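Both of the next two complexes hold chain A, though its partner changes from chain B to chain C.
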Partner chain A sequence: MKNKQDFPNINERTPEGQKPDGSKYRVLIVDDSMFVTKQISQILTSEGFDVIGTASDGQEGLDMYKEQYPNVDLVTMDITMPKMDGVTALEKIIEFDKDASVIMISALGKQDLVKKSLLIGAKNYIVKPLDRAKVLERILMSIK
Partner chain B sequence: MRVEYINPFVEAAFNILKEVVDSDIKRGELYLKSTSQPVLGVAAIVGLAGDVEGRVLFDMNEATALAIAGQMNGEELSAFDDLAKATITELANMITAQAVTKLHELGFTFDLTPPAIFTGENMEVTDAGVEALIVPIELSQGKMEINVAVRER
Partner chain C sequence: MSDYLDPNNEELLKDFFMEAELQVETFEQNILVLENEPHNKEAVDEIFRAAHTLKGAAGTVQMDELSHFTHLCEDALDEIRAGNVQVNPEIVDTILEAIDVIKAMLEARIEGDIYQEDISAISAKLEALLKKEAPAEAVKAEKKSEPAKPTPAESTEGGITEYELLEMKEQCGENEKIVHAHIVFNEDNPMNTVGGVQVYAALKKNGTVLGSVPDFDELYKDIFHPEADFYIATEASPEEIAKTVNIPDVITDMDISYLEEDSAGEADATTEAEPAEESPAPEKAAEEVESAALPVPLEDGKEGKKQPEKEIRKSNKGSGSILRVDSRRIDNLLNLVSETVITKASFNQISNSFSENLLEFQTNQNIYRDKMKELFDKLPDYLESIQNGMEIKDIKNEINERYGSLFNVFDELESDLKATVAKFQNTSQSLARTTSELQEGVMQIRMVPISQIFSRFPRLVRDLSRSCGKDIKLIIEGEDTELDKSVIDDLLDPLIHCVRNSVDHGIESPEARLEAGKPSNGTVLLKARNEGNMIVIEVSDDGNGIDVEKVKAKAIANGVIHPSKNLTDVEAYNLIFEPGFSTAKEITNISGRGVGLDVVRKQIEKLNGNVSVYSEPGAGSVFTIKLPLTLAIIQGLLVRVGTEIYAIPITSVVDSHRIKPEEIKMIDNYEVFNVRQDVVSLIRLNRLFRIPTEETGEYHFIVIVGSGDKKMGLMVDSLIGEEDVVIKPLKDKYTNSPGIAGATILGDGTVSLIIDVSQLLELGLKREIEERQLREATIS
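Right, the complex of A and B next:
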């Protein structure tokens, strides 16, 4: 009698967070909302990404990026944060590493800041509320 | 107070709650109050300053706030802790951002404060010299009131 191994699962797929070499994409989440951080983290870890750190303001995010460099594949960056906002942190990260992949997380109505971020060098942006499909689509567009 | 100020908040609340809480939502009758009003127990407040000034409250009792936060997090929350507060703050942020985008399109320009959360029993809110328009919203998680008190500068 045939068993399960004789019928390979044709639906099996590589998690989106996995690089062609089998290692995981490493992501740094910068957001002052514990809720948004948790939401992004859950979406990414469920797809096999490695969330290597979370920061709650731009300065902390910048410091973490420098500490972890060159082992960061992607940063998700909230726009409105205390101490240092996301656009300034993006600017400083790009100054430090012109190839950095940063994706901005924005509330509705911040089009001017989103445009500014894209001109500075952000790879993409996501407007809240976040949902799994939207987050994964924009992130994959930015890193693959 | 002109009713066109409150409609964007009500529409935005419907859109956002439908998307993030996936709840059966019904709107109650709008009413106007010029005296102090009780606050239900958990209130997210956002200040507006510019062509129009005032504040918006998203007001609910703690059980409703917990149920909404739990639904948004995909897990049951047993206490109104930092995560629950961050979740309700983010809900207020998203609703306000969408409403304000609409008001900006209508030609009003103003800035917003980040939401602050008040919690406690027997609280009330008083707005000097400005009436508050209140729209109750019924969700499967409980009742939320959108309470807007703004005036033109």
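Right, the complex of A and C next:
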């Protein structure tokens, strides 16, 4: 016999993407891979985050951040991108808003760039391939 | 909702394949750029990025064979990037071969299989690239394999000397204390070499990092340090610091305390943090999923069946093509649609106004009728009054007074109606505007830049020129030119054919070129541009040009033309599009496989376009392909034959004439007439389509149509005019009707058939000859 605890009421849990005041965390996704963008955005929206924009290169991401400022709670930033790479974009975003929460998305083998980003002020990094639990964990850590 | 992260999610896979295709294309294009400019750093970076992204994406969908293979490529590319390996044609060949393997792997997966071919040969080649710089690589590998373990003396807090401690205390701010953090890192983290810097960065937020063991430079290196000690000057408590430093996955254990207490022996302030929990579960689950994703191996007996199945799948592949559309275009459409909705609302209002007008009219009409009736009824009375000697003037006055209002009963209605009509006209005008914009917008959605197919050519030309030992440069111009997706799809084959032709037959061997006083490397130019409603694509080369005499001789030998026929050079060049025509002396595997340029013409004509060639002996030749921007809407010349209306695609209309019946002459049983210097044969459309008409008009109207070098006059009853016609395909039953390309519905609802000119040219000749023979037979 299964008891009640085996069937947790999903309604009892507030989605992770909700702030204490009930509004949603607003996330900007910067990634040249539409595919990764979609993954992140699916993970986040399923948790009640508000994906306010997606950009496909660093420059676009930077412009969007400035445009939306101060209504961005978090940026996920790919490292290798055309036009302007993620590290440069991060640098410029931090220059513009030193409290910006930026999480780097990196593939294996980019250790030096990840380190550079962390020193510049990235809150954390996520290694591809993406894993739902880890993505959420890292993101929540960076905003809460 | 299906989980987008599930490696078997269909949507995920679809996106993956689409993206992979793009990456492979970037990869290939830039390799070719690199071959020409070995030091182009941007190209190397692009290649690297493409390979890297591909590797990452392959990992996500658990395409391990691809991710391993791309990893190998990446390593090889790294050598190129580092400048350890010089780019030369052999290396480019190797990499292109690798790209082909990647493509094959992707293709296999698209079809649900796993690439099974042996890749050891190409892998070995790639590895050989790596080994060229063996010493450096070996050192690197050694470093990697042996995580530098700091000596035990360093790893404890004893790693700092008393002097250093003093120095650190001096750097400490007034309210700050020195906190010592001992961190143990998780080696299983895929990026375990980043941890030290990550902790450093996290600590920096709490205060000043005074020092660390191993020191910062050491931490920054790409080496895994199992443990590290940090010293921070901070106002925060060890607990607060622990919170910021406890990074899941990265840290397995930590020990954070004030330095003084620390040295005084493990005191209460020490914070033992639970190692951030790691969950091996997802990985395991993923593994299970993967094994499920592998196709179940076929049983032995079914081996033979596998092949045909694969074939079938391949043929289905092209059907569901994906269109990438700029989101702005969609936004624009949405905008237009909302305008249409508003217009619809206005029409509703107008309809209401009309109803009100009608009601008003009825009311007024009733008033009018009543008054009129009253007047008529009163007439006898008035007559009587006149007879009784009443003054006509007085009666007039009375009538005016009583019935004068009749004049302006409808005045108000008139002005109301005028207003409604004006509103109606306005709205219908705006509807017309919106619909035409909407039509254009929808068309634009289907418009894709021609670069989508042009991008295939650098590789093609390179491979071709290498295989025939020629040195050929390809120049591409106007790749931003846009045209309809369906046209693009069908354009690739004919274009490849033309380019192959230029490479194979057009450009001479380097020796011959030098002899002719030309640079040894030939040039093929691929150029696209807009010309009104048409798109013009040119494939030109600076080769030997077309040998007119050879073409003529061949045409005569093949019975394409009569020996006595006098041809201009241009006409002669275009003979190469005739079926069964190939002047190449020897058959190469590139062109001349029995399929000639006639196929090109056929395919282009299927797209409602035309192709022609111009050549200058010794200087090269130019293939010009003209295509309509889109297939769905064409400009048509409407003509009337009997009661029927036909549309002739304007692209094939050369000229139109009005002639008197006596201008028609008979030559060799053909009806012909003279146009300037030319003699053009005639087809009477009414006879061809068996439409009963009287052919007794004072004038005949002739539309001269042409495709390629063939020309023909179509005799019609009258010309109606030019109009944009939307092509509606005919239902299966009628698609075989020769000479008809489709149907369209005209503004007034009439159905009009669209004439397929190229078919008609063939058909007309055949039919006329047959009928004439029949008539002659009955006469005799």
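Note that the second predicted complex is superposed on the first by the 133 of 144 C-alpha atoms of A that agree within 3 Å, B and C clash if a C-alpha of one lies under 4 Å from a C-alpha of the other, contacts with A are read in each partner's own complex, and residues count from 1 in each chain.
Note that in this section a residue touches a chain if its C-beta (ideal position, glycine included) is under 8 Å from a C-beta of that chain, and two chains touch if they have at least 3 such contacts.
Keep in mind that this is a model prediction, so the values were computed, not measured.
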item: Clash or fit (per the criteria above) of chain B with chain C on chain A; value: clash
item: Chain B versus chain C as contact partner of A:Lys66, first or second or both or neither; value: neither
item: Chain B versus chain C as contact partner of A:Ala107, first or second or both or neither; value: both
item: Per-residue touch tally on chain A - higher for chain B or for chain C; value: C
item: Partner chain(s) touched by A:Lys128 [first = chain B, second = chain C, both, neither]; value: both
item: Chain B versus chain C as contact partner of A:Lys83, first or second or both or neither; value: neither
item: Colliding region between chain B and chain C, picked from 217-225, 289-297 or 487-495 after the shared-chain fit; value: 289-297
item: Chain A residues contacted in one complex by chain B, in the other by chain C; value: 33-36, 38-39, 42, 80, 107-109, 128-129, 131
item: Chain C residues touching chain A - in the complex, by the definition given at the top; value: 1, 3-5, 12, 15-16, 19, 46, 49, 52-53, 55-57, 59-60, 74, 190-191, 193-194, 197-198, 200-201, 220, 222, 247-249, 279, 282
item: Partner chain C, residues of chain A touching it in the complex; value: 32-36, 38-39, 42-43, 46, 80-82, 106-109, 111-112, 114-115, 118-119, 121-122, 124-125, 127-134, 137-138, 141
item: Chain A-facing residues of chain B, complex; value: 16, 19-20, 72-74, 82-83, 86-87, 89-90, 93-94, 97-98, 100-101, 104, 114
item: In the complex with chain B, residue positions of chain A that touch it; value: 33-36, 38-39, 42, 80, 107-110, 128-129, 131
